[in-house]
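Next up: the structures, one after another.
In what follows, chain A forms one complex with chain B and a second complex with chain C.
Showing the complex of A and B:
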């Protein structure tokens, strides 16, 4: 089964990519829907121009620091996105999960590949932002330690794994409850606040920053962005990376457990 | 090929009356009822057979098909399909079967069906040469033509069902479960689908199990039928035998050279209809010759036809009898 699954991957990736290009209008709307970090960047740079903004660690946030931060957030957000939870929810409700279960390939693999297949399109949207980030003085706030940049891909993959398997865990709850998307809304609300998506965690009160460091959301966006923006050294980044992958492992285990139990229930009660 | 012994599938269903009070109450205390979707059915199906599952809505037909396809776990009983236990959903088993549900689709909605075919080729690991040959055959049999290159969302229901069938057959399944494959299709498209399904069975020796509310599907495709009602098996045998068992009478259709009255034809047998220059009579099997002779002798008969009663009526009567039996037992 593994060999066949691997052989099927290129076709699954290709189909997923072609699907992501199917609607031109939807694609434009989607591009606009991803601009929240740019909106927040405008907001926070305006604030920084009016009053000094100082973070919990005493870091002074000037306009270019905010530009660097939110452009990095934009890039990371694009590359760690996942939406398997919604797919699973709709497929369970509409009964089309059965069609996926009939295929001799693990359903989670097909969800994962489908999500990853949109990466080229997302990378294309990200490219101009990367150019701006490196071509302007925003680059002054990026890490200059190449060791840290070596860790960045691992942090990015870890962020995606957390996002995807959190989606799987919540989506698989559709097999137990009527509306798992409500839980997804709760997850997303916490994600927006605690991931660093809307504002740097550094700007939270100390106790909230400390709490955020124990939650998974920070490891989805916050950690990769902190690596990009030079917050950490190689030495200080490694334990954080370990924490990130501990969250990833926990979510993999939890989501597989929920999926397997949910599937057994689905098969026991029908769908 | 398919062995089913004492298969049962029972569900526990949350029961909630309508209304806000009931909704609030259900937050704290829930009531459940047990539903016996399938209640101890046993049958065998040989390789290459075409079998129709018949039964009213909620009889347990789709539940049985889903259990055979491995989507549902039986509550009890034994199921084996080509040596596999379906509920294990082994990859080798899934490569041998396909379940086509008329109301569910596997085609990728936003892309042309050709993309789904290609994806299925990869997933089922079909060699390129086999895939090309099979798609050519399916394309010819189903007259797919340029349909495969139009986005699925732009296809009509009939076109989509043809492509659904093609997608389901990319890997050449040995066992095909068809759940209402012609639902919603117009008459001509139903004929196309039936014709194709029969040819696929004949050409590849595939085993077919079909559920359909269109009796024409069953009559055209299934020499053998299994009737399921309220989860129990009430008949398993040839379609003709079922008709004989339920409605041993024949239908005699008489067409006259001029209009006749009901009074003129009623001495011949039970009048089903009598309108203008045509009458339909229901007569017992052993009286057909006598009735035909008398009709020819006494009435201006231009043409006549003797056939079994419509399958819809046969099934309707069968289900009515089952219902009456259950009510009697309950009383």
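Showing the complex of A and C:
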């Protein structure tokens, strides 16, 4: 099964990429719905215009610090996105999951590749933002330590793995219950608050910052962004990276367990 | 008119029966509603933080909380009455089953608009009222009766605006069919309405006032309640709402003419 899946991989990637091109309107709509960091950027720069905002750790946030933070958030959000949960929900409800199961490739692999194949187009969307980030004085608030930039790709991949397998776990729950899509909404609402998507996490009251350290959401967006914006040194980033991958591993195990048990119950349509 | 009122009560009853049928869902829905309202308030607390933070220029914490109250109220309208129907129409269009709706001897726009309600979201009215009480105790005075009346008028116009935006988005679904994430787009743009519109730079404020009139839905009613909305703004927003609603209806009629059913 694994050898066969690997041989099919190039074709799967190609199909996924062509699909992302075919549904480009859909992707543009999606990109528009992720412009929240830009809205938050204007809000926070308005708040910090007269007096810089001081975070829990003593860091002082001026307007350009907010600009580089939220531009980084926008970029990271494009690159760690996954939507397998919704796909699974619809396919389970409509019985079309059966088609996917018939293919001689592991279904989770085809979801994963489908989600990854859209990344080139999303990366293209981030290009202008990257240019702005590096060409304006927002650059001053980026990390100057190249060791940290070496860790950045790992944090980004870790963020994607958490997003994808959380999606799989919640999507697989639709094999058990009708309302898994609502769980997805709950996950998203918590994600918006605790990931650093709406504000840098050190602006939280202390007890919420502490909570955010233990929740998975910060490792989806917060950690990669903190690496970009130079919050961490190489040494202080490593334990956080370890925590991120611990979450990733836990979600992989949990989602596979839910998927396997749920699949045993799946009887397609009219079963 | 009487016939449509009868239809509306039928549709509402169906929604209630559906909600009661899936009991587990009903409980989950309730928890989700409360959770959403909690997450609506958190960002404001972060912006104002402790007393040392300057907060949003021109808005005290209590005043900004009034805007949040309006945001919770309208989010309730959006999630309770607007989004479920929107999802239903998009499914209809994709599967081609909209034909069955069009064949029925009533206005199609009315039928799809009232097809589904999330009755749980009524709770957001209660939560919004609590938020208003807290907000005005922070401001240190009660709102004037006339100001409350003005804000209620604006509530009606805000609902109409939200509904018109919804119709415009549904119309878009006739042209670009794979639009699962339209509701998601709608909700995430609406998220910007939780902040007083004065925090946005001029271009964005223009967009949020005249193109996607979020300011008219939360900031204007909040200012009316605080007694600082000018009457010209009140009249202007009412007229604007009517124009917006007319455009939405016209677009709907155009879009439905474009509909080719499945395999068309």
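By definition in this document, the second predicted complex is superposed on the first by the 259 of 271 C-alpha atoms of A that agree within 3 Å, B and C clash if a C-alpha of one lies under 4 Å from a C-alpha of the other, contacts with A are read in each partner's own complex, and residues count from 1 in each chain.
By definition in this document, contacts are C-beta pairs under 8 Å (C-beta built on N, C-alpha and C of every residue); 3 or more make two chains touch, one makes a residue touch a chain.
What you are looking at is a predicted structure, and each value in this text was computed from that prediction instead of being measured.
Of the two partner chains placed by the overlay, neither chain B nor chain C lies in contact with A:250. Counting the residues of chain A touched by each of chain B and chain C gives the higher count for C. Once the two complexes are laid over each other on the shared chain, residue contacts for A:36 go to chain C alone; chain B is not touched. With both structures placed on the common chain, the touch criterion links A:19 to chain B but leaves chain C unconnected. Of the two partner chains placed around the shared chain by superposition, chain C is the only one that A:189 touches, whereas chain B remains out of contact.
In the superposition on chain A, A:99 makes contact with chain B only, not with chain C.
By the touch criterion stated above, A:53 is placed in contact with chain C alone, chain B being left untouched.
Shared-chain residue A:198: touches chain C; no touch with chain B.
Contact with chain B, but none with chain C, is seen for A:8 once the two complexes are overlaid on the shared chain.
In the superposition on chain A, chain A positions 23 are in contact with chain B in one complex as well as with chain C in the other. Partner chain A is touched in their complex by these residues of chain C: 22, 24-25, 28-29, 32, 35-36, 39, 42-43, 45-47, 49, 52-57, 176, 178-182, 184-185, 188-189, 191-192, 195, 199-201, 204. The part of chain A that touches chain B in the complex is made up of residues 1, 4, 7-8, 10-12, 15, 18-19, 22-23, 94-96, 98-99, 101-105, 264, 267-271. Residue ranges of chain A in contact with chain C, taken from their complex: 23, 25-26, 29-30, 32-36, 39, 42-44, 46-47, 49-51, 53-54, 86, 90, 177-179, 182-183, 185-186, 189-190, 192-193, 198-199, 203-205. Listing the residues of chain B that touch chain A in their complex gives 11-12, 37, 63, 66, 69-73, 87, 89, 91-92, 94-95, 97-99, 101, 104-106, 108, 110-111, 115, 118-125, 151.
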